[in-house]
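Order as written gives the chain letters A, B, C and D; numbering starts at 1 within each chain.
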Amino acid sequence: MKTVGIIGANGYTGSELVRLLAFHPEVSLGFLYSRSHPGTKISDGYPDLAAVCEMELTDRPEETDVLFLCLPHQESRNWLAQNPVKDETLVIDLGNDFRLDGNFGDRNFIYGLPEINKEQISGAKSIANPGCFATAIQLALLPLADKGLLNEVYTTGITGSTGAGQSLQATTHFTWRNDNISAYKTLTHQHVDEILQQLAASGSNEISLNFVPWRGDFARGIFTSSTIKTEAEFSDIEQWFNDFYAEAPFVTVSKKAIDLKQVVNTNRCVIQIEKQGNVMVVHSAIDNLLKGASGQAVQNMNIAMGWEENLGLNLKPAAF
Amino acid sequence: MKTVGIIGANGYTGSELVRLLAFHPEVSLGFLYSRSHPGTKISDGYPDLAAVCEMELTDRPEETDVLFLCLPHQESRNWLAQNPVKDETLVIDLGNDFRLDGNFGDRNFIYGLPEINKEQISGAKSIANPGCFATAIQLALLPLADKGLLNEVYTTGITGSTGAGQSLQATTHFTWRNDNISAYKTLTHQHVDEILQQLAASGSNEISLNFVPWRGDFARGIFTSSTIKTEAEFSDIEQWFNDFYAEAPFVTVSKKAIDLKQVVNTNRCVIQIEKQGNVMVVHSAIDNLLKGASGQAVQNMNIAMGWEENLGLNLKPAAF
Amino acid sequence: MKTVGIIGANGYTGSELVRLLAFHPEVSLGFLYSRSHPGTKISDGYPDLAAVCEMELTDRPEETDVLFLCLPHQESRNWLAQNPVKDETLVIDLGNDFRLDGNFGDRNFIYGLPEINKEQISGAKSIANPGCFATAIQLALLPLADKGLLNEVYTTGITGSTGAGQSLQATTHFTWRNDNISAYKTLTHQHVDEILQQLAASGSNEISLNFVPWRGDFARGIFTSSTIKTEAEFSDIEQWFNDFYAEAPFVTVSKKAIDLKQVVNTNRCVIQIEKQGNVMVVHSAIDNLLKGASGQAVQNMNIAMGWEENLGLNLKPAAF
Amino acid sequence: MKTVGIIGANGYTGSELVRLLAFHPEVSLGFLYSRSHPGTKISDGYPDLAAVCEMELTDRPEETDVLFLCLPHQESRNWLAQNPVKDETLVIDLGNDFRLDGNFGDRNFIYGLPEINKEQISGAKSIANPGCFATAIQLALLPLADKGLLNEVYTTGITGSTGAGQSLQATTHFTWRNDNISAYKTLTHQHVDEILQQLAASGSNEISLNFVPWRGDFARGIFTSSTIKTEAEFSDIEQWFNDFYAEAPFVTVSKKAIDLKQVVNTNRCVIQIEKQGNVMVVHSAIDNLLKGASGQAVQNMNIAMGWEENLGLNLKPAAF
């Protein structure tokens, strides 16, 4: 059994890691770190965990084999600088600190999207876990980027309220958000750079991604639709998608209409392609806390440690 | 045209009054008072009002013919003490300050449930607007109290999130509340005393009301079910209810199953009676912000001023 | 008082007309026609109407001053052929029969989008009421079409379940739709032709509209975001929008972020413009049953009859 | 590996069994029986299962070690009569056929509530799986029945839409049910007899259970509040509950407020006790498809087969 520590365990992605790792057959939870709530139980804030994990939060990190950083964005570098970690510890950062620039002292964070970087992740000691929208949109676009087909992309994506974290905000007030739809960060979402960098790494440099994010009136999940123009044949495109994801255990290219709840409470991504004339739309759906965050982090850990990729991730879908 | 002022206009019940009074044919809005947001527009906080009311909030109350107090509970007495109001001004308090004890200097606040106090309300200058759960539960029980039939009452009620006001709370966080049900203030809700006092005024003194309030995963509305034992015949009970509400324009006793959305965005209350053996259940539903607060306040104003009871209250139901 | 008849009164748009017209000061309901439910009350199917309208549905149409057709798409022509209507009767069709081709015998149906056709609607006897998505998207694009700025448009829109009507379908099953998002009719929605025809009438002929409709997990409303490229200055564009809607009582161009619930249960449309570099996004929101259907039909009636445009349409927003 | 067959696999409880058993370490799915959809894949109706189980539905049952009956109520007896099952096959019926009378030929169905019948279930070949409301309410009342404290019980319970199954009904239409609350089967719910029979088996014969079920606007879960009168001390009651469930791995007696989402997507039941004077309220919450149906069926299988009670039931909570 390998030991695991979680920095920022009392947030949404941290608590979701606890839900996953409590039942993971190869790891045991070593400590749950929280600056804000040391001395309380993780289940005080997340009572669903009462029967799953009775550990107390602590503000004293220990040495573990794996360390997950679930801090607010741009706090991971500082934390690592102030809390040095042994070289042999696998560090997986769920923040955005190392996604665009993975260098940190002797460490070089690998962009942890297993569908394109599985080889590099295998054996890695430093992994930058992708953003939630970035995961959903890249998985929709990568097979096209791989063929050099991308040029102008128009994407709309909708996210559940858990994407906004646990702090109380006007836009996560139930009275406001229930039955409501709104746009935010139009054309300026921070994940666009992350996506473009990875698409460029696939050889597609001249892409513009016009991304309109929406807030949805549900708690879990992301659904995106991306529209592009291409003269390629639908049957060829479909084949490219199937080939691209042939070895990806968590991605399904669906011939039928997809919907968000197919993937809620799973680590899966479902993708559907449609085409009319020379206009093509790719839909994708993930659970933002799982394939979009903590589930993907566990997937990365599994690959990095040389375990089965789906260990601890055979999750019963919520479905309804 | 009579002038109206609203103290605490920037809260939920205050803004709902603006929505109603902006289209009321006999009144004009004189001022909207807010300690917290003077100088901003009411539509800054409630953008649905952008095309309805472009008034600014002020912290300087003026003299008006009607004054609505929409302050947090237990702040109305202080406010009136510090901001004396002319005797001829109609004061309607939506807080709970005057519901149990209506005396305040020369004023004597009438309990503003028109279905039992219409005569007293007519011409009154001081009205204590009932609580939302108190309204829904009383309308379900009053015809029985009137017949002296009440003894032990077991009530469960569920409320929308607007009942908790606009402050951000853990229990109004969308991520928590969506698809969730929970109990609160079990057997200790503050409206129980208010209800019992009114039922006692109907001649039913020895009533115990065991009330379990629930938080619902919707924004508007209250639904309650009250169970009692009685040997009375169903047909008699039905007749009593019909007689009791014969002159009440906003109460419907339904022979068919009722549901909450029948009354959302209206000032109505729907009631349904069911009976098996000697056990009887009365269901009732209201919109907590309308018949449970601001709509009833306008109804009280209409009666007090001698206008048609439904003036400004012929609201299109939301229905869906 | 003018008399009004509704053909297909027992559907969603028909019942919503009843909710509006029951309180309209210039009309009285003459008859409510339903093939499927003659002899029942409209309030049997829509119990929120119990206290608003106690009329029975009938399968015998009568002569009225105004006739609203709320039939399934492509049934209005047949109905009119089989049930001749006097020339002086104002006929407003909420189906899609006359939107692309308004000719029908001596009648010539005017496309009833008041924001562009108010003059033609005034005094008209035949009006084709626009589609719901068509209304939301056109109001977002028309000021740009008017300036000849449109070329490629990429639009995503999300609709409430009422848009699918009252028939029980797998995609309107609560268990499936709750918390769910899905795409449908990708790039093939029937409103695209309707939109393009009107934009062409504005002088913009070479427009392609790539429209991805989504099903939302709410009952009322439509929210759309349209992305286009333009070198025009933001301040100019904003001015064009403000000028274009200067005389439109139900359209608000908002400087602040908009959200769907601002317009729910109103006849309003809110629009917001954003721009980054040469990419521009226009968001728009309407209530699909009101500005997207029955409310706009009443607005058209008001204009055609020479009444105030907002008569019977000063609706209290649901807001929450 | 033991083989498992599911009769009625294409319904909600059947498909939920597939979700559970696909990952169960001791069983393999032998066949999925469906009269209505033979030849189609289970994932055609439940696309979340696409990556979990690619089996086809069949109308030809085979011999298996375990057989789950997920038929409509009152069809299990007929099915077994027409499709004889070997004596050594473990039959678990999720319908209500054998709950009140377990006799069927040589078989005697044990009431499968493990918290009271674990010994009888161990080694049993015939198990009647309890109803969903019956499970939630019994778990709330059994410790009191065990002490002979129950007399008059007043219970309100609310259920998610999955409780109504997959057939399209007016009361499961999204447009109707979203944001709506309604009562049904007031005082006449079929689970009352089931509950009273079990409470009587605990020695409490003279109980009356006044149960008001509500339909909730969510898909998964049941929340109940039961009010009784008792002179017993709160601390004693709490001790009885803790003692009663000391060996029950899926029941938690919480000192803190509970809410429905604590148990969604888990096989758990959480219970909370409150008391004011001589009035006591017990709240309980379960996931109706898991502890209220398919999860409990797997728990029963585990016990009957002599496996760990929680095998295949360490489910990641949905939590949000």
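By definition in this document, contacts are C-beta pairs under 8 Å (C-beta built on N, C-alpha and C of every residue); 3 or more make two chains touch, one makes a residue touch a chain.
The model shown is predicted, which means the values in this text are computed figures rather than measured ones.
J.: If you tally the C-beta contacts, which comes out ahead, B-D or B-C?
T.: Of the two interfaces, B-D and B-C, more C-beta pairs touch across B-D.
J.: Among the chains here, which has the CA centroid at the largest distance from chain B's centroid?
T.: A
J.: Quick one: chain B and chain C, Cα centre-to-centre, how many Å?
T.: 34
J.: Between chain C and chain D, what's the gap in Å when you average each chain's C-alpha atoms?
T.: Centres of chain C and chain D (C-alpha means) sit 46 Å apart.
J.: Using the average of all C-alpha atoms in each chain as its centre, how far is it in Å between chain B and chain D?
T.: 39
J.: Which residues does chain B have that touch at least 2 chains other than itself?
T.: 12, 162, 175-176, 178-179, 217-220, 258-259, 261, 264, 320
J.: Residue numbers of chain C touching chain D in their complex, please.
T.: Those in contact with chain D are residues 12, 161-162, 164, 166, 168-170, 172-179, 217-219.
J.: Where on chain C is chain B touching in the complex?
T.: Listed in rising order, the residues are 12, 15-16, 19-20, 23, 46-52, 160, 162, 178-179, 219-220, 249-250, 252, 254, 256, 258-259, 261-266, 268, 270, 289, 314-320.
J.: Can you name the residues of chain A that touch chain C in the complex?
T.: 154, 156, 158, 175-176, 179-184, 186-188, 210, 212, 214, 216-221, 223, 225, 227, 257-261, 264, 272, 274, 276, 279, 281, 283, 285, 320
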